[in-house]
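Chains: A, B, C and D, in written order; residue numbering restarts at 1 for each.
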Amino acid sequence: MSDIHKRVASSFEAQGLMATLGAELVSVTDGEVQIALPFSERLSQQHGYVHAGAITSIVDSACGYAALTKAPPECEIVSAEFKINLLRPAIGERFLAIGRVQSAGRTLTVCTGEVQAFSGSTCKVVALMQATMVNVPA
Amino acid sequence: MSDIHKRVASSFEAQGLMATLGAELVSVTDGEVQIALPFSERLSQQHGYVHAGAITSIVDSACGYAALTKAPPECEIVSAEFKINLLRPAIGERFLAIGRVQSAGRTLTVCTGEVQAFSGSTCKVVALMQATMVNVPA
Amino acid sequence: MSDIHKRVASSFEAQGLMATLGAELVSVTDGEVQIALPFSERLSQQHGYVHAGAITSIVDSACGYAALTKAPPECEIVSAEFKINLLRPAIGERFLAIGRVQSAGRTLTVCTGEVQAFSGSTCKVVALMQATMVNVPA
Amino acid sequence: MSDIHKRVASSFEAQGLMATLGAELVSVTDGEVQIALPFSERLSQQHGYVHAGAITSIVDSACGYAALTKAPPECEIVSAEFKINLLRPAIGERFLAIGRVQSAGRTLTVCTGEVQAFSGSTCKVVALMQATMVNVPA
């Protein structure tokens, strides 16, 4: 495990919400982080699909950790803001959130993210995010 | 309880995520819905504050249900997209999300939302949302 | 004219785009700035209404200058990002963009904005913005 | 020129704002539209760079026309909302906005867009957009 993977994994384990949702850290590379979420009725909205809030939670974390891979060692990352489009109902057995750094500045890092839904052998993108992360002193 | 309050309450109870987070439906009036969330370590990000994803989940639901109070009886509401600014760390004993309809069209309803954090006798706005909800046949 | 009004007016006059669009600085108070735009065919989209880009330009400037009224004297403001909902066609004889500071931090200032359309004796809100402005050294 | 290219070109020519800014329609393919904008002091913000409003105008139009290439023949497109991140100052001799369809539904089409700045032999992405377009009867 790389140093940055360890740093992200340690922070991820400290996020109570990720455990509550059942999310798992899947991969950490320079500028890209992936987080998986198995379907559970505990995450549903009123029609039984996964709630936009759960989808948002994992892709926000994926974007934040992607930003962390580009941040100076003495900095942590917090979300300043994000926007998400829910493209279709979040139906699937498993979801994968991918966060990618598009531009890393001194203070602000802009990321894009997507969430893929896996159902049998099909994979569909169910959400797109554009996020602004901010470096803060650790 | 008004008819629309009953309709919202019934839908809210069907949202597994709201129970998982510990959120409670507080009030339903024409064009405005309030949802409360007590602090829990189960909702935290890495610094112990409430995760942006949990904050987003309750204000997204509040905006969606506010839109439902303005929707035709044969319609349900799904989130098309939203944008949220996290103004400061979500520190508090209890959080209140307020969703308000700003403009209700035939297909799209635009809402604004905010999340207030209560800590002792102080109350601070920790997040602002602007959301687009879409009417879909029930 | 207050010092901050003078500072905003001087910056506004340096914005070539505001003159090109025909926009006028209307008012500057602590945390709120208003910019007006008379209708012109030169600003239209394909149906003859005012283009979303022109509407966005004036409310982005209004939000930026609202942020400037709260910024330290040695700082200028640039737009980090914004999101705008176009609520209805921008039909009117005159438009008024209002930018308001919601939260001013050390680095980031969050504003909301709206654009009102005036037509005869009626006034309608045609757009809502939520924006993140960033302080930069002057 | 393809039928859809003709349709987009005809609509583009009817947009007064595009002529006022000096924008040119560059290319129209299935799901992607490009619009160019030469630098002019008439488009500046207070530091002499191109104003976020002008950058937003061309990428909003590019996203809208990209959506039009996927719309049923009896529909037109209007912008419901968009969010844009300004990644760095818009400095350059020429700008190119690219709008791409990410998901085309019955009513809503979600697009992403970017604006590239060309300066001598360098090209930098200066803005990223995520937009929701809505089909309306022509």
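We take it that contacts are C-beta pairs under 8 Å (C-beta built on N, C-alpha and C of every residue); 3 or more make two chains touch, one makes a residue touch a chain.
Here the structure is a predicted model, which means the values were calculated and not measured.
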*State which chains count as neighbours of chain A and simultaneously of chain C.*
B, D
*Between chain A and chain D, two copies of one chain sequence, what rotation angle (nearest 5 degrees) aligns their Cα atoms?*
180
*By mean C-alpha coordinates, which chain is most distant from chain A?*
C
_Centroid distance [mean C-alpha coordinates] between chain C and chain B, Å_ = 28
*Provide the C-alpha centroid distance between chain C and chain D, rounded to the nearest whole angstrom.*
21
_Geometric centre distance via CA averages, chain D-chain B, whole Å_ = 33
*Could you list which residues of chain A touch at least two other chains?*
80-81, 83, 85, 110, 132
*List of chain C residues in touch with chain B within their complex*: 83, 85, 87-88, 102-103, 105, 110, 112, 125, 128, 130, 132
*Of all residues in chain B, which touch chain D in the complex?*
80-81, 83, 107-108, 110, 132, 134
*Touch list for chain A against partner chain B, complex*: 11-12, 14-17, 19-21, 40-47, 50-54, 56-58, 60-61, 76, 78-86, 89
